[in-house]
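You will see subunit A twice below: alongside subunit B first, and alongside subunit C after that.
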Partner chain A sequence: MKFDVVIIGGGLAGLTAGVELQKKGLRCAAVAEGLTLNECPREEFIKLGGTLFPGDSVIGGHIVDDGDGKSLEWVETRNLVGTRLEAPYYILSTGKFFSRGLVSNMEGITEPVFGCDVEYAGGPSEWTVQEFFDDQPFEKFGVTTDAESRVKIGGKVIGNLYAAGEILAGRQDIVTTAQKVAEQIIGRKK
Partner chain B sequence: MIYDVIIIGGGVTGVGTARDCALRGLKVLLLERQDLTAGATGRNHGLLHSGARYAVTDKESAAECIRENKILRRVASNCVEPTGGLFITLPEDDLAYQDNFIKCCREAGIDAEAIDPKEALRMEPSVNPALIGAVKVPDASVDPFRLATANALDAMLHGAEVRTYTEVTGFIKEGDRIVGVETRDTKTGAEEKFYATITVNAAGIWGHHIAEMAGCEIRMLPAKGSLLIFGHRVNKMVINRCRKPANADILVPGDVVCVIGTTSDKVPFEECDDIRVTPEEVQLLLREGCMLAPSLAQTRILRAYAGVRPLVASDDDPTGRSTSRGIVLLDHEKRDGIPGFISITGGKLTSYRLMGEQATDLVCGKLGKNARCRTAELPLPGSEKDLMEGAKGLKMAEKAAIGRQGTMVSKMDFANKSEVLCECEHVTRAEIAYAVKYLDVHNMMDLRRRTRVGMGTCQGSFCMKKVAAALAEELGCPEKTDEFVQEYLRERWKGMIPVCWGDALREAEYMRKLYADKAGEGEER
Partner chain C sequence: MQDKNISKDNFEQCLKCNLCTTVCPMMAANPHYPGPKQAGPDGERYRLKDPKFFDLTLKYCLNCKRCEVACPSGVKVGDIIQKARLEFGKQHNPVRDFTLANTDLVGSLAVPFAPIVNPVMAAKPVKALMDTFIGVDSHRTFPKYSSKKFTSWFKSSKAPSQEGFDRYVHYFHGCYVNYNYPQLGKDFVTLMNACGYGVRLLDKERCCGVALMSNGFGAQARRNANTNIGAFRRAGGVVLTSSSTCTFTMRDEYEHVLGIDNSDVRDNILLTTKWLYDKVEKGEIKLAFKKDYHKKITYHTACHMNKMGWAIYSTELLRMIPGVELTVPQQQCCGISGTFGFKKENYPYSQKIGQELFDTLLESAPDVVACDCETCKWQIEMSTGLTVMNPVSILAEALDIEETKRLNRV
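Moving on to the complex of A and B:
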């Protein structure tokens, strides 16, 4: 199945970007597992013609090195057996730990779908502070990107895979990051 | 008013002694500086030992355990789950240990039976399938909160006074004799004096300090034991390693969870009030736990906690190296020339009743009171009869309340307060109101220990606000709701920090979003 943009993670960030992109006439597919703590513009996304795959999740994709650098060619989901989702642009917006956008164990923290580079500090004893109501270090962990919000794997930018929302390192406003990514993709499309 | 006996310490030993004294007709006052079960009583495995663990190394303790095990199954049936236990031998263990182990168990009166490893796997599917030997023993699971609360309640029903959040700050003496104590209310700071013919030190590891204040020394060795509690009950039987007792070799099921432990490390007295679990301990517990039940590696850890065992150095060993897990009853009149003062310490959860009996025998002897101990015969409140037989047709939450509070459910107003507030553990408003009225509850932590509110899978994430509001209302201080929620979150956080990765970290993020994130309250961040 081909789209203009495939959004991996249909929470607030993914669907906000999706709404912006649909408004500009880009056909979006959003794969939404459903675990989110935020209110999302689901209905608006669908009304604008977006395709939502609810209750599904992206389990992997194919990254190629075409000489100009790395890019993502297609992704596959748990439910769409035998059918790949393809697009020139992808958005990774799977959130942090609660929604499993990031996965942690005693040894460290990873991004489970593509193995994107994740910024975090030390071991589990350094991920929290004693006072519950103080900001917690783990809340700033996330994937690192270039200036155009594209993720990296092994230090190398994936040219068509953008990250938005809580999966990003730092504590950024979700909607702002989503709008930024939408602008980047719209700019490139022109 | 002069009491016959003042008991210092609201752990299971203190409340067990208080109950025994009250049943023998004594005028009893129990003083606890925090809440009932706030110390080691609420910070252990919840294992009702069969004695098998001590059979090879300490026969006397083993025999004591099996006797008490049998008694508590009867008189505290509502607190005990007769799970049975396994002692397993793994390929790296010496299988020859098993024969001697069974022999020692039988000598101590423990019904130990070697079974085929395949049979063990059928009985307990969670056990490490690599096992090469298995012995079945009558271990059981016991809810220490429920057990201690039932003792305190029965003491009160027999006229004892129980004062929590009341710290003993000094002793009142007439010559060498102790005739009373000075106390401070830890909430208000109010000071008071209480007088009694005999004062019993049952303060666990804190009894070291109590004895010092009284003018004598008990050489105690604080031994920290750390444990992990998992969000699912993977095992139905207690699983032990069949080898010389070592770290993290017991996995105990309890209610809907299971607990692996423990470690054993000496800690300084100064740390006993703020004991923390280290990352190294967590790793050790997980590693060894997975040897007993491999599925623990994939099971969510709810929290880590630690208690301090009150080990006592033997009086005739000047080096202090030889400690015992046995009961230590000290008559300070004979030992130190301090009449009116005794200490009951050492021991273990399984032997708490016997400790109470021995202490009360000594108290009665000193008071010249001739009354027989009845705690081995009289069931605890809630354990009088098996109410579950007549429980057909009751709502789930009412059955859950019977499970926890036994016959005391008759005091609960299900007609008007039937709403379920804690859904994991099925705790209703009626049970919370009952706990406030009868079980000396002042805050969320007290309530948790009395009713299991927030002890289940969600650990209070979903219900703590509802529960806090209900508790504050029942206590007549609705303005305290937010304070209760914050206090609860801080306490829970302490247990989560040592295990904050994987699912616990997911939960941490979720809790922070719900309760600590300003964005969650409608503000932009």
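Moving on to the complex of A and C:
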């Protein structure tokens, strides 16, 4: 199934980007997974003709190396058995730990869908601090990107997979990161 | 650790975030229903200690599964409630519940007398009597019975010609097609034949059992499920359906609610639109549509379609018809929930829940509403006066049959 943009994670970040992209006439599909606080953009997204897959999740994708670098060719979801979602651009906005955009265990912290590079420091005992209201180190962990918000795997940029929202390393405003990604994609499309 | 200590329904993963509560249609319409969180994972902890904690208000659950679609932690909220009802729920109105749940039996009895049964069931005095004595709401319009079963029609008029194809699919017609609306089954045969596929019926077919489950007839539902699964195994390949709820029940509820292992046939049970879309996308089937076909269609996503995540297949196929102007509003529940909305005590809630959807549909002013569920069809047609068609029927109606046959080398 072909779209202009496939959004992995239809929460606030994913759907904010989706709304911007739909407004520019790009046909978006958003696979919603995890806790999605998205009431506002969801309504708008659907009104603008966006396709939402509620309660579904992306279980994997196919990354190819075509000489000029790596890119994501298609993704598959749990519900759409046997149907691949394809698009020239993808947005990864699956959130942090609660929505399982990031998964932690004793060995480390990983991004479960593609295995994107994740920035974090130390072992489990150093990820939190005792005082609840102090800055918690884990809040800043997340995937690393290049200057254009594209994720990396094994240090190599995936040319068409952008990250937005909570999943990003550091603490950034969700809506701003989503708008930035939307602008990048709209700019490339031109 | 977590992988080892997770129950089948994931109920201990519930974080009490209440997202399920916000999407529950019954919760919004009925203050007596404690809601999915309380009825599901919360109540389950008590019921595990003592079945006395079973709460009768669980009967209000529509089994729409919107709670499961919303749950960020993968808790099978709806399944927990269904199982608790089957295990602890007692029938309160045995005559009515038996009649509503036994679609095969009642259908077989009604079809030969359809010309009498239909006007009788529509007569006001009869409705009033049923309302008073067996608790079937008098406002409810009953689906009409067909005077000939789909299977009889198929065997007498179609079966021989089906063997002329070199490829074929099995068709699970379901009770609605067989007893009430054979036209949908006929449209299915037209569509498949034009695409180059012959149609075969299963050697045995029973009602999927959804109405039995929701009315507390667990043992009978299990018998039906085992009969159907046996037939699927003997059929071997793909079994196509034209009802979203039958599909969902046979794929997911057989295992999750009835505890029957269907893993070897599950992937073969497919909704026609899902199977057809995948074939069209792979280029294995080509569709040609009439040039002069024009229709303004609003697609209603049935709750079980939403749960399966397959509405996209129906809407994408409808979009392939050049003369179709399609609107797909946000998913809403129509409120009927199978036999639920026929019951007198539920009827007001049923209509209250559906009101928002009725308004949305009427506002979009379509020529026809498309929907993959027959009970949504009854509810929408009765409550809005709009005509509701299954996407399979719309596709068959819009199809340029000769051209499609030529493209598929029939």
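Here, the second predicted complex is superposed on the first by the 185 of 190 C-alpha atoms of A that agree within 3 Å, B and C clash if a C-alpha of one lies under 4 Å from a C-alpha of the other, contacts with A are read in each partner's own complex, and residues count from 1 in each chain.
As a convention for this text, a residue touches a chain if its C-beta (ideal position, glycine included) is under 8 Å from a C-beta of that chain, and two chains touch if they have at least 3 such contacts.
Not measured: the values here are computed from a predicted model.
Participant: Identify the partner contact of A:77: answer first if only subunit B is touched, second if only subunit C is, both if each is, neither if none is.
Facilitator: Touch status of A:77: second partner only.
Participant: So in the superposed three-chain picture, is A:69 touching just subunit B, just subunit C, both, or none of them (first/second/both/neither)?
Facilitator: Touch status of A:69: no partner.
Participant: In the superposed arrangement, does A:136 touch subunit B (first), subunit C (second), both or neither?
Facilitator: first
Participant: Mind working out whether A:115 is in touch with subunit B, subunit C, both or neither, as first, second, both or neither?
Facilitator: Once the two structures are laid over each other on A, A:115 reaches no partner at all.
Participant: Touching A:25, do we find subunit B (first), subunit C (second), both, or neither?
Facilitator: Touch status of A:25: no partner.
Participant: Of the two partner chains, subunit B (first) and subunit C (second), which one does A:125 touch, if any: first, second, both, or neither?
Facilitator: Only subunit B; A:125 stays clear of subunit C.
Participant: Taking the superposition as given, does A:98 touch the first partner, subunit B, the second, subunit C, both, or neither?
Facilitator: After superposing on A, A:98 lies in contact with both subunit B and subunit C.
Participant: Touch check for A:170: first (subunit B), second (subunit C), both, or neither?
Facilitator: neither
Participant: Of the residues on subunit A, which ones does subunit B touch that subunit C also touches?
Facilitator: 98
Participant: What residues on subunit B touch subunit A, complex-wise?
Facilitator: 279, 283, 486, 489-490, 492-493, 496-502, 505-514, 516, 524-525
Participant: What part of subunit C is in contact with subunit A in the complex they form?
Facilitator: Against subunit A, subunit C makes touches at 17, 19, 68-70, 72, 267, 277-278, 281, 306-310, 312-313, 316, 328-331.
Participant: Would you tell me which residues of subunit A are touching subunit C in their complex?
Facilitator: Residue positions touching the partner: 1, 34-36, 42-43, 46, 51, 53-56, 77, 79-83, 98-99.
Participant: Quick one: in the complex, what on subunit A touches subunit B?
Facilitator: 37, 96-98, 100, 104-106, 123-125, 127-128, 130-133, 136, 138-139, 171, 173
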